[in-house]
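Working notes, beginning with the structure itself.
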């Protein structure tokens, strides 16, 4: 019996030698993450259910990132309730201003290849980039997991996304996942798992891979898995040994429900237009549209590589006077490293407003919300109605390169303006 | 002649107490009114009636230059503010928007919350019970602004002739 | 909500891809109680809707209902508003799961939208798994797995664990 | 009869030979400035009330977005867009998220001897470079923007004669909080606070801005220090040449309404208790009261420059703040932000567990970033600690120096910084 990577992880956790889509299994959980938006609701349900202690304090991580720094009087209540719960149940892994939850979980080794990790956030699928089964659940379900350490999961079919060849300059992993979302549609992977593979993925940095897994949920996917390899080992080297990767690969010609094949050379800079993540067009098609703001950050594209790409593009230039260019590094360590490498200095000199690591504007409550009639290019993962302020703000999701190029020009601009030959060079 | 009920406030009532920073950045000024004196007297905004008078101690309106502090009191219908002394910028802001102020030492130690007070701005008299208190005339250039109903109105007329 | 119940309610029609930012916008999610959030439900799409929802109404939507964020306030608010059940061509995974966790009846049925108008009455027969419109159109829907049905009847995961942990009502 | 430096500036601006306290003058304005907390009121007046609206001197009118940046609500963004639109339409200078307004004015525009009017109460900050700076409301600002001048009553001057030298761990911040504790928050109403004396030779531009900025909290119309060699070096550093005749000084025979004497050797680390700036207490006293804190803030136009960040970094280096304490650090301007990164201070802050945010008013303004919840306690280098100033009406704000804030965040309660022998002495 051939199995996909997703099925292999379920089998590893249940001791079963085979599994088929449709079967419901119950499994232990390796780690859970609760962020500050839901601490009051989750812990209230935990008490209401009659639980008196958590199943294992070592496996619980609290991250304060959506309401940090606080913007409203009601915000710090969420942190106080989190601190109180952590104190009461001996939870020591509490990160109060260290960055976005889905960056910290792999960065600090709370997620390692082959694990099952749940978060109270739909973008927990990000952990698939290190070969872990990461998926989002509601806060009531999380309350039950806190009490029992177990969850029921339905085995679901896998869609294989195969990409080979070399990406053209100016084309990044964000453009790949936008192409996939365009082809699959917002519910194309509903009740399914995406498994990314192929030469382009093997050559892609670990940071680039997080962007793919992070946005798999935007097509409805339950998880977005990438087979862990030497790059994953390097990224997680402080927390696992090579043995940890054994058996974490799909069998050759495993049973995929569907295969999407891409030639990297054929991909181009893309943008998801208002108000759906699958409303994807080439950047060229809408180049020239005036913009008011650019946001570079989030667990999708706020990493060191993303800051470096943007810095390379704006270096020596000046952000367009009509544009507010907001930059939020995804974690404290990324912020420090980006300062050491000069990225932050370059961005600030060009006119960027750089803030402390957090979800920033992506959380959609404060940190630069916009009014109807305004237009923003953003590197995060959602552009629904009212996602960044008024209900008809136009949000265009794109790569850090497209975002930086647009910030310079004051209008939507592809990173490599092939048309008129002027190339905004990278490094 | 203004005759109405008074609201008593103590010393050093700063402009953050009159209207807190988080309510200032609104395009429609009336949106601020429910939050006036929120931290000092949450009942005030809902119960104050047009024409009523504020009586306060030292340094009323000290702190920030936010003109919204004067504006919200005028929009709530406050007819005049009597205080031992005023914050400098607040004093100027009230004159500029045509909200009359009366500087009168220790009046706040005499009048009580809810008492009736009369104020005659032209003659410079304050009436409390049988007593009459005089207050100093406004300097001519301030009186000119008050008479035109505020600084902008004063400029409009000045630019006319 | 009992297993073989038959009930009917007023239809409220919603389009495809109604995401959870529409069901409850982010800025209202730090309000301390679900009740307080109800009046903002659906505001980006139909600001007038929340105030006009009555107990027993039935939401009928297109595909991918509840896509986007895993915020469980979305199904909790729909249940708090008194909606009897949500019928959609398809549900986003996390919303579907969160709805069950909160004892909100969710039914997948294709092609219903063309046969109902907003404000019309619709009958749901849980015994025969049938949807019956005022025009007499009868549409079947797939049996809900018993494990999930138990959850809905128990009133959700909290009630389920309350019983398990011996919490006195 | 001689004149004080303030009287000389007002006389010059009013085209008078000399002026006396109490006299009303119509003064010509060198710089006008307004920010995103007040401008929308002025624009509304300009557009709907004024019969003949025009901007008298656009290239001397500076619009600065610093209070709610990045914007925390849609209302704020709408108000800020009104400001951006007006500045663009009338060719005024616009700073959009580059730092705190008074810091940018001193960094880029204001020269000795000039007269600065701004729709912000801490405009006295300009006195650090020997200029007259006074705050006004939006209607006054609108009138000034249209006419280019403003009526002012010449204020009497209070002289603060400073001698001696601040001891290690004690800063200008502690001195001004001590002074305000003495004279009260209405101690200088309608008056000028002029700082002088031998101690000035050891007080740099940062210290002078701290003193003049907080003069507003004693009710002063303006705070001022006669410009000297330190000021001309500062101006040269930012590419501004200033002629000697602008370096106005108070005449030896000028009249002061009152003279206060302070010996800087005797100043102790000082704080202001909630909810008044004059509610002074020595930090050594507060330390014994075991006052637990939830949040610390280092920043603002008073105390957010590179000098404060160096002091804080010296204390925080190699240490970690208490986990449940939030320390927010906001460099006062883009220049300070860049310098802090180059000097490795930002890295020290990030290692210590602090949050290093964008240059803006931040927690000092308390309506957009670092907002306090009910019952929370903040220790801050901001300018005010009024009730509810930093968020919930039931929160509490202590004002203190950057050293005291850093030390308190290490200990989770208000702490005397001197035990960390602030190597960064002045």
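All chains are identified by letter, namely A, B, C and D, in their written order; residue positions are counted from 1 within each chain.
Operating definition for what follows: a residue touches a chain if its C-beta (ideal position, glycine included) is under 8 Å from a C-beta of that chain, and two chains touch if they have at least 3 such contacts.
Here the structure is a predicted model, which means the values were calculated and not measured.
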| item | value |
| --- | --- |
| Contacts common to chain B and chain D (chain labels) | none |
| Shortest contact path, chain A to chain B, counted in steps | 2 |
| Centroid distance [mean C-alpha coordinates] between chain D and chain C, Å | 55 |
| Centroid spacing, where centroids are CA-atom means, of chain A and chain D in whole angstrom | 41 |
| Chain centre separation (chain A, chain C; CA means) in Å | 28 |
| Centre-to-centre distance between chain C and chain B (centres being mean Cα positions), rounded to whole Å | 54 |
| Numbers and ranges of chain D residues touching at least 2 other chains | 73, 78, 371, 391 |
| Junction residues of chain B, two or more chains touched | 22 |
| Multi-partner residues of chain C (at least 2 other chains) | none |
| Chain contact topology (line, ring, star, complete or other) | line |
| Pairwise chain contacts under the document criterion | A-C, A-D, B-D |
| Complex contact set, residues of chain C against chain A | 17, 19, 21-22, 25-27, 29-32, 43-45, 63-64, 67-73, 75, 90-94, 97-98, 101-102, 147, 156-158, 161-162, 164-167 |
| Residue numbers on chain A that touch chain C, as the complex places them | 24, 37-38, 40-41, 45, 48-51, 67, 72, 74-75, 77-78, 120-122, 136-141, 143-144, 147, 186-187, 190-191, 220, 222, 276, 363-365, 382, 384-387, 391 |
| Residues of chain D defined as touching chain A within the complex | 69-74, 77-78, 81, 94, 96-97, 294, 323-324, 326, 328, 334, 337-338, 341-342, 346-347, 350-351, 353, 355-358, 368-374, 376, 391-392 |
| Partner chain D, residues of chain B touching it in the complex | 12, 14, 16-17, 20-22, 24-27, 31, 38-40, 58-59, 62-68, 70-71, 85, 87-89, 92-93, 96-97, 139, 141, 150-153, 155-156, 159-160 |
| Contacting residues of chain D [partner chain B, same complex] | 24, 36-38, 40-41, 45, 49-52, 67-68, 73, 75-76, 78-80, 82, 119-121, 135-140, 142-143, 146-147, 151, 185-186, 189-190, 217, 219, 221, 276, 365-367, 371, 384, 386-389, 391, 393 |
